[in-house]
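Below are two complexes that have chain A in common, paired first with chain B and then with chain C.
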Partner chain A sequence: MRATTTPSSLTRLLALPPPLRTRTFSVLSRPPPNYPGHIPLTILERLSLAAGSAIGSLAKPYRHDLIASLGETTAKPYFLSRLHRAMLNNPTGRRILRDRPRITSKSMKLEELRQMPENSVGRAYAAWLDREGVTPDTRDAVRYIDDPEEAYVMQRYRETHDFTHAITGLPVIIEGELAVKAFEFANTLLPMTALSLVAIVRLKKVERQRFLEVYMPWAIRNGLKAEEVINVYWEEELETDVEVLRARLGIEKPPDLRDIRKALREQKRRQKAEREGSGAGAG
Partner chain B sequence: MAALLPRLPKRIRLTPSSPTHWICRTCQQRRAFTPSSTSPQTQQQPPRPNQDEARTTHFGYETISETLKASRVGAVFSSVASNYDTMNDLMSLGIHRIWKDNFVRGLNPGIQGERKEGQRILDIAGGTGDIAQRMLDHATLVNDDKRTHVTISDINPEMLAEGRKRFGNSPYKLAKRVDFLEANAEDLSAIESASIDLYTVAFGIRNFTHKDIALREAFRVLKPGGVFACLEFTPQLSNPVLNGIYKRWSFGAIPLIGQVVAGDRDSYQYLVESIERFPSQGEFRDMIREAGFLIPGRNGIDEEGGRMGMGKGWEDLSLGIAAIHKGVKPV
Partner chain C sequence: MPARISALTGRSSFICAQCRKALTAPKRRRLLSTSPKTPEIYDVVTVGGGPAGLALLAALKSSPVTSHLKTALIEIQDLTKPRQWSSPGDQFSNRASSFTPSSVSFLETTGSWAHVDQTRIQAYDEMQVWDAANDASIQFDWNAETQKYNAPPQTIATMCENANLTRGLLERIVELGAGSSLFSSTSVSSIENGVDDPEGLNLSTWPVLSLESQSQPHSQSQSAGQPPSDTPNPTPTNIAARLLVGADGFNSPVRAFAGINSSGWDYNRHGVVATLTLQPADSNTATDRTHDFDLFSSEPLPNRATAYQRFLPQLGGPIAILPLPHDRASMVWSTTPANAAYLKSLPPSAQVAMINAALRLSQTDLKYLLSLPAHSHSDSAKTDTDADTDANVQHETELRWRLEHTDSAPADLTRQQPPPFVTGIQENSLASFPLRFRHATSLINPRVALIGDAAHTIHPLAGQGLNLGLADAKSLAECIAYSVSHGMDVGDAMALERYSSARFGRGLMMAGGVDVLNSLYQLGSGGDGMLASVVGQARGLGMKVVNQLVPGLKGLIMRQAS
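And then the complex of A and B:
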């Protein structure tokens, strides 16, 4: 029997990192799922799904399930683990991981949220949902992450995305979504958030300019400066004042995108009316 | 979207105990998909004496109550209906078109020369209408028969809607040469006995809850001398190396394409699992014979057996990925 020796610093330095994924199975013999809905993927499947999701979600942005699968297939090996560790390093994060709350239309009752005090997080969330015409529907379930706790972290990130919208006030249009994604990238470092910024090419020229001048700098600055938003226990913060929460997290409110767009539309309409008026007058 | 299909927890398939219920040997001998770590739980399920009437069948690799299978399959096809033809192209790399062309050409629908009544074709599980279209085209263009009539039958209204879309206001529809019937292939009471010349089912029969009942219904509605033809996937290729590649494509790429293109991994997972559970060519040929059909031989090859109704009865396509089975109702 060999005596175990403590590794010298040299051997520690030369030791190989643990493998990205020890592939012990093929598509014909998948291991049993680790949680309901879990599908273990082989490396080739992960890469193909990532590539297909990336192209598909760029071509068809309404395919939220492709954005979801893009997130899941690109989050490992490092990024989701980093986010998980960030949760473990924070006492609130640890409580969230222990309680595993889920945000669904049942757990977030809109009628109650609308009754909450003025300027509270819950009220702002309900107001944002009403303004944008969306519901806290169950987001796509996480299926391609192997570790159940990391799968929960991913699910939590997905479900709290709407809260990020609510406290920043950014709308669901592409520009708003991209601003939130840029913020989330700076804050959570998930690769999917950075990859989805490729959708900048889909913006109109004016929107792109505005995004790059105003919203992207805001997002990066605030995402880096702010606390990890994943660690916010939203269910407990529903009655907190929005300004107080923003100050606590270190997030500035960005310029209201809907107002800017509305003002621009008004301006254009007025200009058009003037031109037609002067044209009719001259002709 | 992918998580919307109700999924029962995976269990080992329980072999139905009733001797009258026909199950293929392969299903009986099939080893459990999930490794033995899950088997202790399921084997400890106590027997339920008041439910010995409730039989189980397979839904892909799951075991479910027979009464549920039709609705589970229904949910799958309602979900895939709108992308069905696109997905077929992607999954088979377009080869399904060649299979279907070969299938129809081999059947040679349509009768040349003068006849009092046109040929009546019944296409089962033909929702999107691609076989029916080929039948009518072949009869009209190749055999110059403008009186052939095809009834497209499908249990699923969404698939049938796709078929109606395909035929739209085409000449066939206007000439009333195509009909749509929403029916379960196990219960074709809407169709008179001995009224159909040609009964076809392409890539449908593996989804039926009771293939034997569907075969008996086929026997009933066909005229004496009528032909039963079935195009279906086979569970294994004969060449083991090619089989390995083919299976890896089936279980790896197809659900993935389903996820990316159609947003529904589970339906395509079911489809490839249902191919695994289908009886082999010989077993299916025996089922067809048991329903009363005579089994023809292949052209010039097993003619002797074919003449006696004991021919080979099937033809492999694409190295055995799919097979065409035929049977003839005795005169």
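And then the complex of A and C:
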């Protein structure tokens, strides 16, 4: 009972013997999808998509679809499985895998969230979404992960990324995103989060200095000591106080980046006004 | 000894001790009489009535070369119970062993196999081995050879209950008229070197056993109605052995007497055994596993039965499902003592769920299942609230959910048969025993030989423990036969060298090889980290190489194990 496909003599010559062969199908005979939207990739396709996404997302950081595909193509063989196992080891994580909740604008109604008690997770989430001008629907669907349950884990990671922003208060500008990505790398070990830190080169000098001095150490320190954020059942934590949740997870709130930047801008404006004032006075 | 001035010669001269005795003591010639304190002399005394000891006795008595030897077999338990052992056709003892073709052929040659109940044995033709840490698998079978000749499948091994074998051996021994050699319900209170009787025999290098009968007086009178060859003689108190064979198990007193050390280590694991009921296979190969093979069909001939072994590194060892007749199976699951205690504390339905999980789910899920609170089934009988019912079935519900999301048919095309579903477990059959590795530093001493567990104890993952004991018995019987037919003293150290050189190396290699295999499959058990994952994948690659890449390797391994 051998394999049914018979490769040509050339491929048979070049191919490794069956136990060591890694490719399982050819592009002309893709296996059927395991879930709606699934696209199985060969090794070569995966590697080229990863390389292209890395270069593209560095050139244009706002291409969130490239970041998504980078994440999916680099998450296997080990890292996504490790995250999946971390969910299975935790009782709340197991419940999430059983229930498979999705975060969309329908499941997270902003009007309700805005009504939640002051300082609750839901209120902070709604406030953050309003402040940054984003909605929960901006997340792409996972396509390149073969196992349906692991695909759900990736999707859940992507959809709860905004919650991480909300409870840390980090904004959606590059610096804030990089801080959250650094935190997520220390917490989830997904390679894409580490790869996106290459975007440090795109920061201005002042921003880069601030990032390396303040936000990166904060991210690594907290990501390592905190509980696995993937195991938080956010739908149940909407009414929890943010401070309480942060304390439970072991996360410190970082300095508010928008405030720092605003203060710096104010300072520069004042300095510029003084210089112009004195210059006008002198002239 | 200093010289003694002799009263006869009147001058000092050195006279050695033997001559002095000869001169001073009047010598009376005695023929065929022993002084009261001379122990009765036996040619071969076997201590221990387990499979190895009984097989040795049967082999000695069935061979015309050695059947005249005066033999004794000392067993502390009452051997009438094993002789009368019987069990309903659908219930199987949880101590069942896998017998290699060499062991079966030895038993057939000595005539014991005919007395083993053939309806309670199961020959299997294939063994599937796979690993929870990767998606590789190995199929052990002789298909490559048998398909060349369109021959029926060749047996890998035969499953037989230990009690079935013991009963067969005892019946054969009695059939050979050696029932009087069996000293059952007899304990050996001490083994010492004999005394050097100046008027009789010099037994100072001979082992002398002091026996104590444990049986009640009334049971001895019951044996009065049996034929003479059946009736054991009244237990003598002292017997001397020309050759003392230690077949007395792990803590062998014979080995201790011989001063032979046994070295090794405890695995810190327990072997959990049980008798299971399996879901029947497809209907076209279903219940009748003894149907005739159509030798002229071009279809590959089906295997009669398959054994399965799945390695679970993070849980302490492999779980093996070995087939028995009528869709039953014997399970041996080597795992940590904590897991073994947990399994024993579960209700039967949860135990079945755990076994099915062990054959299919990932190790992460298994560790989670092992952490669920164990609900003792005695409690569940009394209270029957919803919470209790939920707690009772939590293993099953968890298993059902995880099965939907676990890929049980991996991409590896070579795995043909998925593991069977366990549908039930025989009542009170789940038990556990500690696993240890020991090997004696020598199999022989002057007038002493060790066979079976007294010589070596190994990990059950390869099913070789009992087979090593039977191979020892066979080899020792051949060695004794050689000695007898060449006029040698059967207990002489040089005569026993033949046995030691045949079995010591082979036994040690097998024991060591099984230990190495066990260690190999415990690598990467430390956790879920990247290193463990890499080690698991490397091992999987090795398994794929053994399974397909190197043509003769699998055959070589199977030949060693048969």
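Here is the rule we use: the second predicted complex is superposed on the first by the 260 of 283 C-alpha atoms of A that agree within 3 Å, B and C clash if a C-alpha of one lies under 4 Å from a C-alpha of the other, contacts with A are read in each partner's own complex, and residues count from 1 in each chain.
In the analysis below, contacts are C-beta pairs under 8 Å (C-beta built on N, C-alpha and C of every residue); 3 or more make two chains touch, one makes a residue touch a chain.
Since this is a predicted model, take the numbers as computed values, not measurements.
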TODO: Kindly classify A:Ser26 by the partners it touches after superposition: chain B alone (first), chain C alone (second), both, or neither?
DONE: first
TODO: Based on the superposed arrangement, let me know which partner A:Arg94 touches: chain B (first), chain C (second), both, or neither?
DONE: second
Open item on the list: Taking the superposition on A as described, I'd like to know which of chain B and chain C A:Glu149 touches: first, second, both or neither.
Closed with: second
Open item on the list: Looking at A:Val134, would you say it contacts chain B, chain C, both, or neither? Reply first, second, both or neither.
Closed with: neither
Open item on the list: Tell me the contact category for A:Glu45 with respect to chain B and chain C: first, second, both or neither.
Closed with: first
- [ ] Would you sort A:Gly56 into first (chain B), second (chain C), both or neither based on which partner it touches?
- [x] first
Open item on the list: Going by the contact rule set out at the top, does A:Tyr78 touch chain B (first), chain C (second), both, or neither?
Closed with: second
TODO: Considering only touches as defined above, state whether A:Ala263 meets chain B (first), chain C (second), both or neither.
DONE: neither
Open item on the list: Under the contact rule defined above, give the chain A residues that sit at the interface with chain B and also at the interface with chain C.
Closed with: none
Task: Residue ranges of chain C touching chain A (in the complex, touch as defined) - done: 136, 362, 364-365, 367-368, 401, 405, 407, 411, 413, 416, 528, 530, 533, 541, 544-545, 547-549
Task: Touching residues (chain side chain A, partner chain C) in the complex - done: 1, 3, 17-20, 24, 78, 81-82, 85, 88-89, 94, 97-98, 147-149
Task: Residue ranges of chain B in contact with chain A within the complex - done: 1-3, 7, 9-10, 34-35, 37-38, 247-248, 251-253, 256-257, 259-261, 263, 265
- [ ] Spell out the residues on chain A that touch chain B in their complex, using ranges where they run on.
- [x] 26-28, 31-32, 36-37, 39, 42, 44-45, 48-49, 52-53, 56, 63, 65-66, 69, 140-141, 143
